[in-house]
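One chain, subunit A, links the two complexes that follow: it is found with subunit B in the first and with subunit C in the second.
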Partner chain A sequence: MADPLIDHNTASDPVLNNVAPYVAPISSHVHASGSNAQATTSADLPLRQSLRRSQSAYEPRVHDITEKFTRASNALDVGQLVKDDYFTLFESIGAIEIMDSKMDSGFLNPGETLEDDYDTLTPLLPEEIIGIMDQLLCYEMAWHTGYPLSQTLFTSVYIDKLLWPEVKILEQAQFYRGTIPDEKRPGPLLQALRAYCLALIKGCDFVIAKITSRDYFEEEDFCTHIYNRVLFMEIPMDVFLRELDAAMEVMKDTDLQINDALRSSIISRLALRKDLLRALDIDLPLEHISYSWPPIHTGIQKLKATHQLGQTVPGSFSTKMQRRLASTVPPRPIVELEFVDALEKLQYLATDCEEATRFVKLPQDPLEYQSFLWSFASRSPAPLSYARSYLATLLFHPGVLESAISLPLLDVKALVFPASSPVLDPSNWTYSPPRNALLSKPPRLEYAMLIDDFADRCGQPYMDLWIALGQNRCRLRRMLTHVIAGWDILQSDASLADETIASASAALGVAEQVFENPLSSWAYHKKLWMLEKILLLGFELDVYLPDEFAGQYLFLSLIATRRRDLLFKIEAHYNKYLSSLVQARNFPDAQDVEDALPYISSLVLNATGTAALSLALARFYIVLLYLRLVPVPARPFSSEQLRYEVRMKPFLGFQPPEVPPFEDFAEHVKPYGAYTSPNPGFDADIGNSESEIWTAIEDALKSAKEAFARVKKLGAQAARAEGVKGVWGKDVQARLASCVAAGVAVAGVKDAVLKRGEEGLGVRVEIPESGEGKRYAEGWVVGRVVKE
Partner chain B sequence: MASSHRLNRRSWFSWAKKDTKMHNDEATFWLSQFIGKNLRVHASDGRIFGGQMKCTDKDRNIILALAHEYRAPAAEIIRKAIEESGNPSASVPWNSRYVGLVVVPGQHITKIEFEESTLPGQKSAITL
Partner chain C sequence: MADEETPRLPEELELQYIQYSPQKEEQHLPAIRQLISKDLSEPYSIYVYRYFLYQWGDLCYMALNPPSSSLIGVIICKLEPHRSGTFRGYIAMLAVHSPYRGRGIASRLVTQAIEAMAAQGADEIVLETEVTNTASLKLYERLGFLRSKRLHRYYLNGNAAFRLVLYLKEGVALKRPGDEGMEDGEILDSLVERGAIS
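After this line comes the complex of A and B, so read on.
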């Protein structure tokens, strides 16, 4: 007989390749396929040996070392560790202690069983089906708000049954596995629940796919862990839709004896699940997305009205499910979210996503996109991770960003290259470089190459800015401080390009028509804009304490003033260029330039208003600091200078420097010396209603109000925020309201100071908290003066 | 291998059996061989933890990295499987899951096994 383990391939090296666990089947196989007689004869004895050895290779030898291990560890000194050199104490802290009920999710109390004896095949009442469906929805939304699946959906016994053991085809995903007697088969109600659960799981898969497909996401907002379960990733969506349809058919069947109210509420839940699954679909074509969210709202209304029909089923959700999940964390309680809150979250999700779908319809203009992103990030309550990923997916969708001309370049053009600027003349791109590389290129070709290079160069910083704008407020602020550093480098690179542009323009004799340092001015403008946003976000997110308001608003005013001055120069260039075009009787181009002017004017006025309002508030808070109306916490371990450095740290490296030296800053923030002991000039000034201390604030407020009113009048179109007109209008209005509120507050304090008697001012200042609708505009903190 | 020979040889003598107290140096050396090696630690509640040993101490607390938890199926499930298949030796899978970095406290350890993962013919570097 042929040796059982001989095979054609193994003849050369039988020792390593023979891996059969037992002999009989292999030998029959060898017989069937015809064995290699040569090999058989050549290796009789050695192969028997190899068989024994190969078996031992596949059965790892296990040695009981308990006794010696115990003796050895007893011999160790107290406190002595035998450990891996690379294993640190820090790491060991993360270890889960086995048999500790608080940490070990697999720990069982005496008499406790691993699983609840909940039978998923027990027939349920229709009320109970509704109860379970609604509870599942609560957990789904809790998961959306950031809790892990192990504390939410995966605590459902039904979901667990469907997912584990893993199945290859959907038909096998039942509340049981294998075959069961017919009388135990789930009835129509359980089938409906199954269809609901399946669609829910697939929805989760879509959500995870959408969120993780983004370039940037963080687990701190959303937990994508699926604990080694596969959420039907491979199975296409239409299968789930069919399951839902079939379940709805069954429910509609009049043979099913069930109260009509219950019937229709189960159907409406299935219908909502279907709409939701469709809306979450990651492959939904762009032209359909705007229709996918509105049905959710009607579905929510139906659920709201019928929730009280439901009945909870004790035991259908259990923390014990966590013991079955791959888990490296201690057991945690189930997250409870009220049904009303869950519906509210779903409503926000649907509204935010619906809003995001409008992005697709925006005019193709990077400035419009920017306004849209900014207003989306400012939505209140803040959009959930899913909604943000949803917008980000649309933002970077190839079908949306299809553009003949680079988007950053469109942005540059809108600011510094008015229509028909020679730099962007299309004919520039028709020149070919001289054959001899030593010859200088024609200036027009120089323009074209520079612009192409620059468009490439600013792609990344531009993308970074957009990605940052897609984050929540806190991260947006943090990320902007990093993005802005990239723009600082871009600015210095741009100034090199500007030199070449200047020489080319001089060679062409069109220097008059080209704005001085166009590219670096553009980058600088964007940088200052971001800096303003970072500071305003600091106020909005309560990063600054009330006693820092004065300094930070002063800094903001400085930045806004710089931006305004830059914009003034650009505006002047526009006007000069316009008049030269009119003189040359080039009316079509003149018209184009004139059409572009409102955008510049809107920017100028915005910067003016920001500079004036922040100056007014800075001065106002300085006065309050001197009057001791703002709480100053005791800070025994830091100095003012160090705190200033820390605050300004992200901006210290900028070229040109934006942060004034500390001495300079301190002088402006403390015009009358230390707040605790102001010099006598302060008392004289503060008591005089005509003194500069008061008039400066009032004048600044007046000009801020004027500027914002004019911004409003120019409208959203001029500000390139047509796509978010409503939000934009409210934002401008809020700034106007802040000006008015600041006026009232200043008048209140002034009045109190002028009338003050022996017992003090008789007023106090309340700082409105952020995020509670107490501020007119979140970034503009106006203290409220209250009589005591 | 050489030292194990020596041990074997020593086991001829009756006094070698009684030598239960280990010296600290010897114990440290012997234990440190298992660092990074796969151990199976049986806990007092019947679960088995398999993973790489990272650390141990005088109280026999053992830290395992990349550990999996294995739990014998409940009696109920075994009975059901046997009833359904009619075969008294029907196989029922153990439940296992990944638990990552764990520390098994010494007082809960009932048995420690070393999983030798050398290829056939390869000499083991570990003195048992």
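After this line comes the complex of A and C, so read on.
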């Protein structure tokens, strides 16, 4: 991703941090609530409606302000600043200095012309057609990675010609406007290039439509700015396919004198364009989507094999095109992406979208959906914005979401209402409310009404979670901290509903059959699950410094332990309920409960494993801190307590409180007092291989390993991840591998301590970097012990 | 680290650290711009500098080389109530002339800025820096900053940033916004995150 004007020294520059320059006008979370979806998002999440850019032409009005301006500026001294309260940093960053070539896109150096005099009607060699097509593909993919069209595709002189001035019908979209002499008319090769460009532009229109229909962050995820161009929005796709077909026909014509290799290379580029346009089609019916991506892979192979036949055409792309785009943004360099990299991006795009199409085949189970969304969000490399929007469109597709029973309720049912629970008995929905509103309602009707209300109530927090799972990794972590706050309120609302359920159950004499506080327990469980994810993402994204690992893993362990304990209670209820059903010889219901148990067991084991592995790592890093094997910054301006506050900020408001008081926390992360001067107990314990300081870590690792091994054995189906079986299996395996690696690391340190001589430990600990494939699981950071 | 030849500085070289003064804008501002622009792909307009210096000139510190009074390093900050309810300091720019790097000049400038903001009652100080800028991260983290967020594609070159934060007082995390609604909090946040406002 070479960016010639960006000073790459900045990356290694020790002392430069700054506000991002000229981040032009807006970066906003653009959201279009799913009008075609059953559920819609609203103000609970910080989202807002997409600002529809006006695409209609406006009438410019010119006022000459020279005289006024000169008069006004004469009244000021040089450097004197007039600033009102409405002039914000935002404005100052958007401002440019006229006549500064780096800021003023209209500034011309001596002898420089405003525009290039590139003639789009000059006949091109077949090699040059290939070269331009391939370069266009590079810019298309650079755009996909988040750069604006002005630095990518819109630097093409050909694209510009087709789009500007705007045409009414596609026939007019030519590399010229108006009438030209016959001998100037573009030949078959230029016609092929035109068809290619038209389809490319239409594809961009589809991409923008898809992305803006879902939640994304403008400029961060993707740039939808089209600079007052209209990307043939009104013209149907068939027209473009016909143009491509016609161009391919002409290319196949044997009258056309052209080397066969070049001929077929051009045809394969047109064919790939056609396949791609079809795959991007926003109206493609669900039943066809899974067939639309595989052809892209075949096309990519052909391009890869023939790219070297192409020849670049200097002048056919130019930064000067930016001057033609209505924009006050300073001139910016063209974003160069190598052809191999562009093909790789396209390949990932096709693979990710193809994977996304599998979503529509999942059984209608919100837990399967959740597993799928999580696994998709965790794909590496991270799916591009388009692929994420593609999946989100499928998720919120009415044909996918439509369900006779509320999806959140299916989730509730799976956790707290085992089959045949009286609360969900279908007969509850057959009661009518008493005519006299003052009379109390029959308890079964109470159940039904409560459940209906609760299902409604959950809709929003539930959608919010799904939306968060469709964001880029950095956003996912931050958005989860917003989503979880919504679930915190949901939990407290659910507690009220639970009281009514309890009294209805008592009145019916079925209290034994209903898990205590079912709804709030369910909300709580999900909340704790999200909290664990937030913490693990913190490790994955390198947000925590090595000397924070101990504390953060300890907190994770605390949260996972709470979730495990809650799950133990649920499991115990299932078992009790099961035996009562067996005793009553109600075997069909007993069978149903038994079938529902593996899911609970899988959850219990996962929580157990998470709690144990994080505890082991917390204790391991505590040992490392005492041994001075992780770097601890001096931090003259901070204190442990203040840093604890920074870390715990997103979780401070929760009910029940999840964040332990600082004193408790400090006591646990520093069991032997200050790291720099541990009390004598430390030396005694650390030198004793049987002491608790070591055995606690080893025991925790052992139980983590056992738990994850049992999760694996129970399988993807029990975990409700059947749809992503392969990835799920790898994920469990990665945690197992982390346990093993932790065991090795612990043994390494222990060995060094026990054999410690005069000259110190003779080992150091390396923290594997994130995102480099150096960790078995990105969220589980296991230091590597290296002999010095 | 730098292509330019490292000037042989006497070990006892004492730079002069001074606060920016608006009276000397003509003398200092061009040098500040030049120093900071060196590391940017696109220069800031003069208005960005004036925006900060006009309102928070007292939070701008410079390191000068006494013989010529040439500018070696500079830090530019602001301090104002943030919509989150905190009185928030923001380190907008920090630059040290490349041959002089690695001598603790930046640390000293940041230290002065932190102290000045703390003296004015700041609750917290924040800034963003590129995830790949290890030296900058180390510098701030040594002083006590923590990474609070990772920001996807924050910079024009497509690089991600870390938001760094330093609390100066207890109870900052519990502060809540005043009357302004939190509804569109994240929208503003994203502007902050892109460096447009803070």
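Basically, the second predicted complex is superposed on the first by the 693 of 788 C-alpha atoms of A that agree within 3 Å, B and C clash if a C-alpha of one lies under 4 Å from a C-alpha of the other, contacts with A are read in each partner's own complex, and residues count from 1 in each chain.
The definition used in the following text is that a contact is a pair of C-beta atoms (placed from the backbone, for glycine too) under 8 Å apart; a residue touches a chain by one contact, two chains touch by 3 or more.
Being a predicted model, the structure only gives us computed values, none of them experimental.
By the document's definition of touching, both partners, subunit B and subunit C, reach A:L81. In the superposed pair of complexes, A:R324 makes contact with subunit B only, with no contact to subunit C. In the superposition on chain A, no contact is made by A:V582 with either subunit B or subunit C.
Once the two complexes are laid over each other on the shared chain, residue contacts for A:N472 go to subunit C alone; subunit B is not touched.
Looking at the shared chain after the overlay, A:R61 reaches subunit B, while subunit C stays out of its contact range.
In the superposed model, A:Q641 makes contact with subunit C only, not with subunit B.
Look at A:A72: by the touch rule set out above, it reaches subunit B but stays clear of subunit C. For subunit A, the partner touching the most residues, choosing from subunit B and subunit C, is C. When both complexes are overlaid on chain A, the residue A:A511 reaches neither subunit B nor subunit C. Shared interface residues of subunit A (contacting subunit B in one complex, subunit C in the other): 15, 79, 81, 83, 87, 91-92, 95-97, 100.
Residues of subunit A touching subunit C in their complex: 1, 3, 5-7, 9-23, 26-29, 43, 45-48, 79, 81, 83, 87-93, 95-97, 100, 102-103, 145-147, 217, 219-221, 330, 332, 472-475, 477-478, 482, 541-545, 548, 633-638, 641-643, 645-649, 652. For subunit A in complex with subunit B, the touching residues are 15, 53-54, 56-57, 60-66, 68-84, 87, 91-92, 94-100, 104-108, 113-115, 228, 323-328.
Note for the complex: subunit C touches subunit A at residues 1, 25-26, 29, 36, 38-48, 50-51, 54, 73, 78, 91-96, 98, 101-102, 105-106, 111, 114, 118, 127-136, 139-162, 165-174, 183-187, 189-191, 193-198.
Subunit B contributes residues 20-24, 26-28, 30-32, 34-36, 40, 43-45, 47, 49, 54-60, 63, 65, 69, 71, 74, 95, 97-106, 108-117, 119-121, 128 to its touches with subunit A in the complex.
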